[in-house]
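Two complexes follow with chain A in common, the first pairing it with chain B and the second with chain C.
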Partner chain A sequence: MKKMMYLIAGFGLFASVCLSAITPEEIVNNVERNEVNEDERIEGTMVITDRFGSREKTFISSTSGKDKMLLEFTNPEERGQKILRLEDEIYLYFPEAEEVIHLQGSALKESVMGSDFSYEDLTGEGDLLDQYTVTLLGQEYIEGRQHYHLELKARKRGLAYPKQEAWVDAEYWVVTRADSYSLSGRLLKEMELGDIRRIGGKYIPHYVIMRDAMKKNSSTEMRINTIDLAAGVSPDTFSLEELTW
Partner chain B sequence: MVSAGNNGFAPRAVRILMAAALLLNAAFACAELSSSVSITGYTSMLYSGNLQDPLEAAALLESSLYLDSTGNKNVKAYLQLDAWITDSVGLDVPRAYLKVRFPWFRLTVGKTRLSWGDGFVFNAGDVLFGSMGSISGGLSDDTLRAETGWLTALYLPLGAFSYLEAVAAPYGLPAIPGSLETDLQFLSDTIAFDELSAGARGVFKLDRLNTTMEAGYYADGIAAEHRPYLSLHGHLLVDWNLSASMSIPMGDPAWQQWDDWLAVSAGVFQLWNLGASRTLSLRLEAAIRPGSLWREAVGGEAIHAGLPDAPVYGLYLFPEIAFAPSDTLSVQLRSFFSPVDLSAVILAGVSWNVYQGLDVFSYLTVMGGDADDLYGLDRSGGVGWATGLEFVY
Partner chain C sequence: MRMLLSLAWKNLLRHRRRTLVTAVAIATGLAMYIWVDTWLQGVSLHSEQNLVNYQTGSYVIMHPRSWQQRKQLSLKHGLADAASIIAALQAAGWTASARISFAAEAFFAEGSLPIRMVGIDPSQDARVFALRQTVTSGRYLRGDEAGIMIGKTAADNLHAVVGDTLSLRCRTRHGSLQTLDLQIVGILNTPNPAVNGTCGFAPLDLVSEALDMEAAVTEIAVKDRYWRQADQRIQTIASLLRARFPELEVHSWKDQARGFLAALRIGTARSSVFLLIVMIIAAVGISNTMILAVSERGREIATMRALGMDSLSIRLAFLLEAGGIGLVGAAAGIAMGAVLALWITRWGVDMSPLIGNGDIGFPISGVFRGAWHPINTVYALAFGIVSSLLFSILPVSRALKRDIPECLQQ
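And now, the complex of A and B:
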């Protein structure tokens, strides 16, 4: 889930004003080195807020590397429902029907449990530098901390967000803010990450707030309650067998 | 179902229930478990469409208790206990199973469901429970096919996306819904070997075709049928599925009647994101039986749906339009349509997730057709309206 928090962010650029010697590609690589873990296990909470109030969902997620994730909801309303992501494939499991659904095509745009995240947000974008042209727009200070301001423009069609902007903490190599745009330049989503803690030599943001710009008075906060970066997640975790367990 | 009716619980049923409760209690008392409860209450009104018939009203309270063991990644126990109150009291255990994971395979024992084949409503590949006929529950349910049965299943993974699965169902599938007493009696009965139902399937992902293929076979000892099937589903512009199965009589089948045994289902689904959390989805599924009736039943043949001897037509359709103006509100229009006799039951409904765990819903169902069709306005339930609340905690 943490990985998702970062990946949803973009990086990009245009008209780079290189105020330092670092290249945008190095920034992206540093961010990925910090965010990608061999395996991790997270217990977290998702709070969806809209004009009718808040809904809280709890989950356990296991991830491995950049493109494997199994998330299981543990709150009473969705208990046992699972999402398996394996590379660009998304599978859902509904225990009531004992049914596995392979999400494909337009269904990936559907909201995850009514949140501001879409299933498309969960899918990997592969190697970011292969998918996007990254430009360093400059350096900015956000809450007193130096950030690199990046812009990402899609190299090909079909990506969830054709253009993104991201602000990367220059010391922690953590994306703390990201905005995603449509091809026409319309703002689609805003993301904010914070409560960065050093765990196992890495800097881990413990919350992400996603706002779908198309929805009024709506936001989704995902918070990490516990995280284990040495969970020893088995490769078999990311399979239909585990999904239907 | 244990029915109290006007006479109270039958003593035998009470004993069985108490025994079951003690057993289940013992199984879960000391376990690490998670639990949840759903309570649904609604009122409904039924009208026959005939001005001479009275308007009927009813109320129903349903609750389900779900107990799920946690804490052991290789052993899982699950229990679902349903109870309901209308003019009688009912109790059922739709699910009660144990899963055990061994190094190379997984074993499931108990009462549960296996989803073979693919299809939301019509699924010829569902040779276990049968998903080609009318829907056992209401058209308003989120899960339209949820029958369960007593079975033992062995699951052998072959990589991340492929697997083999074998099943034995001593008492046949599905179990009779709402029949706890019958269920418990079954458990002490012995079954003749030639009545044993069993089968196996293989599920494989065809990466290059973006398609999943499964093939299997089930021998239904109670119906005395061999049931091979093939099912494909994938995505090409839209999500699609296609399944075919045969129900071949055991013994000495008359092969010239092969088309009587063939069942085919097909479906397409597409969802559009309209922005601002608005989605629109369209679904169309078809159930085809080439050897069944392709002309409208007349006279004595014509018995409306829901009765055991209702005619089986060659084609049924399930169209559905669902619109979600927000993440918490959805409106749907769906129908079970019989093109051969031009009759249908149509449901229009709305559901709203007001607060966490709380849904409000309202549905209107209307049957359309003549008096001798599968569905007709001028019969009980020709027009029905239900509204209620569901709370999960």
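And now, the complex of A and C:
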């Protein structure tokens, strides 16, 4: 009898170990599956804080898949200014000048509206698993919730962030924290995501704060006020013609 | 002729006050001209010297794509075999130094500042540029340390002193973000405000490794004692490169400073207009005096005509008198101008209370020194005499046309 109990306990332990042996690639795939939506429309607020004070901007953003995004500012100071992303290309539109600027090369490294996000951050870095070697460092509890702690190391030269660390909520498959490092290993940026809500079967963080670790009192907060995951955004929205309309 | 000269001289002494007033007007105008011209020549000369000695070198060798993108400080198209290029230049008698120029952001307590960083081989670079002599705090950089030299204005803006650690954020050659923590070993106070305000210098090897340059550099700077004749002498270096490194380009300091030289030409033209106005004012003074002088001496002219003196002799007498005033005024003006020019070339004017360490568009700062331009002084002398002569012709001609009795009754 005792022998049988030990066998059952041993089997149960073995089974649980097997079930929890998720690979880092699977974690990344789960995160991307949760992140990417067919069409999405967001109204939000961005607060940029630096040594000169805080500035608030409001925006409407439409996205389609991973590669297309149109963001239009709606606050009085920047009303009508737009940012269009088509895969790795970024276009800016300034209504006063009626001018479209195509950002290329080193211009992509510039900050978006003085925030802690760069245009490069907006383009993303393509397929994460293609760009980075992902390692599962372990599991941690953050605010009572289980997280997977991942380390991402660039597979090739030229990626903006040669090393990143991410903490993924094990239930929601949402990155709740990400740290980005320079080639020499110095912490560059810290990002935290919160206010996670379930919408349409997905978990969407409604709050993001990005901090520049090299500057004092420098942060950019983004808050989603409304989100529509079945927005049915027309493909024409993501065109240069529509940009100037 | 001797009689006319004697007459002219006696008339100059007879109308002393008028002679003095006119001569002073000429002298003041010419002295101002010489002083301002000396100043402008100095601004131009020292600006060019400061560009060559602290910023551009006499020539720069770069990859053509790198040259096109030099304003963006692109690291993409470097010079892979800098050692061979430098060896070839040195074998031909040139002094050269490799550099890596890149953009960075320097972080300090309250924020950050964009900075133009230059990776240098300190000992080699000191043979091409004059940075070593401008260290005002700390010491010159060594090649084997994680150190940095920065300009004084940049240090002030960063609230940094020697011994502080400066954090820099930049991009590698392939675009990855990189950071460098370097200790400030020296602060430079060069006469070039662009270098003082926006430049930092770190060891070449350290920069090369941090930026993943794979031993490539962005440029090779070359020194030439006769840099003023760069347009002619650049062909020697170009021929040398064509033979062994045909894919590379050499550019003189003038190519690198086109924008500044264009601004200088505009500034010089603007100043020439100012000088012209000064000379016109002096000329108006001269003409006014000569018209008065001739008009008041109508009876004298009529008497001379009545006594049988021909018109040509009368004209010559007045021309000699006018020329005499011009000579006296010009001589005084050159003497005054020489004193002013000596002051401004020898001691200069310290403009830092006015401009501080700010950039006024010229690569000079602090004390402004002049540069005397002898040919312009000769022009000034000639102007003083010739304008006096010219402005006396018309009034004398008018006086000679009037009836002798009418003039005697005046």
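Here is the rule we use: the second predicted complex is superposed on the first by the 224 of 245 C-alpha atoms of A that agree within 3 Å, B and C clash if a C-alpha of one lies under 4 Å from a C-alpha of the other, contacts with A are read in each partner's own complex, and residues count from 1 in each chain.
Note that in this section a residue touches a chain if its C-beta (ideal position, glycine included) is under 8 Å from a C-beta of that chain, and two chains touch if they have at least 3 such contacts.
Being a predicted model, the structure only gives us computed values, none of them experimental.
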- [ ] Could you classify chain B and chain C on chain A, in the superposed arrangement, as clash or fit?
- [x] clash
Open item on the list: Applying the document's definition of touch, where does A:Asp50 land relative to chain B and chain C: first, second, both, or neither?
Closed with: both
Open item on the list: If we overlay the two complexes on their shared chain A, which of chain B and chain C does A:Ala97 touch? Say first, second, both or neither.
Closed with: first
- [ ] Pick one for A:Met214: touches chain B only (first), chain C only (second), both, or neither.
- [x] both
TODO: Could you tell me if A:Ala160 is touching chain B, chain C, both of them or neither one (first, second, both, neither)?
DONE: second
TODO: Please indicate which partner A:Pro76 is in contact with in the superposed arrangement: first for chain B, second for chain C, both, or neither.
DONE: first
- [ ] Could you look at A:Ser184 and tell me whether it touches chain B, chain C, both or neither (first, second, both, neither)?
- [x] second
Open item on the list: With both structures fitted on chain A, tell me whether chain B or chain C touches more of chain A's residues.
Closed with: B
- [ ] Examine A:Ser106 and indicate which partner it touches, taking first as chain B and second as chain C; both and neither are also allowed.
- [x] both
- [ ] Quick one: from 131-139, 149-157, 293-301 or 365-373, give me the piece of chain B that collides with chain C in the overlay.
- [x] 365-373
Open item on the list: Taking the stated contact definition, name every residue in chain A that is touched by chain B in one complex and by chain C in the other, in rising order.
Closed with: 50, 105-106, 109, 214-216, 218
- [ ] Flag every residue of chain A that touches chain C in the complex, lowest number first.
- [x] 50-51, 105-106, 109, 154, 157-162, 180, 182-184, 186, 188, 214-216, 218
- [ ] Spell out the residues on chain C that touch chain A in their complex, using ranges where they run on.
- [x] 72, 74, 107, 109-112, 167, 169, 171-172, 174-181, 210, 212
- [ ] Please name which positions on chain A make contact with chain B in the complex.
- [x] 48, 50, 52-56, 74, 76-77, 79-80, 86, 94, 96-100, 102, 104-107, 109-111, 114-115, 118, 212, 214-216, 218, 236, 238-241, 244-245
Task: chain B residues touching chain A - in the complex, by the definition given at the top - done: 34, 36-37, 66, 68, 76, 99, 101, 106, 112-115, 142-143, 145-146, 155, 157, 159-161, 163, 203, 210, 212, 233-235, 237-239, 269-273, 275-277, 279, 326-328, 353-357, 392-393
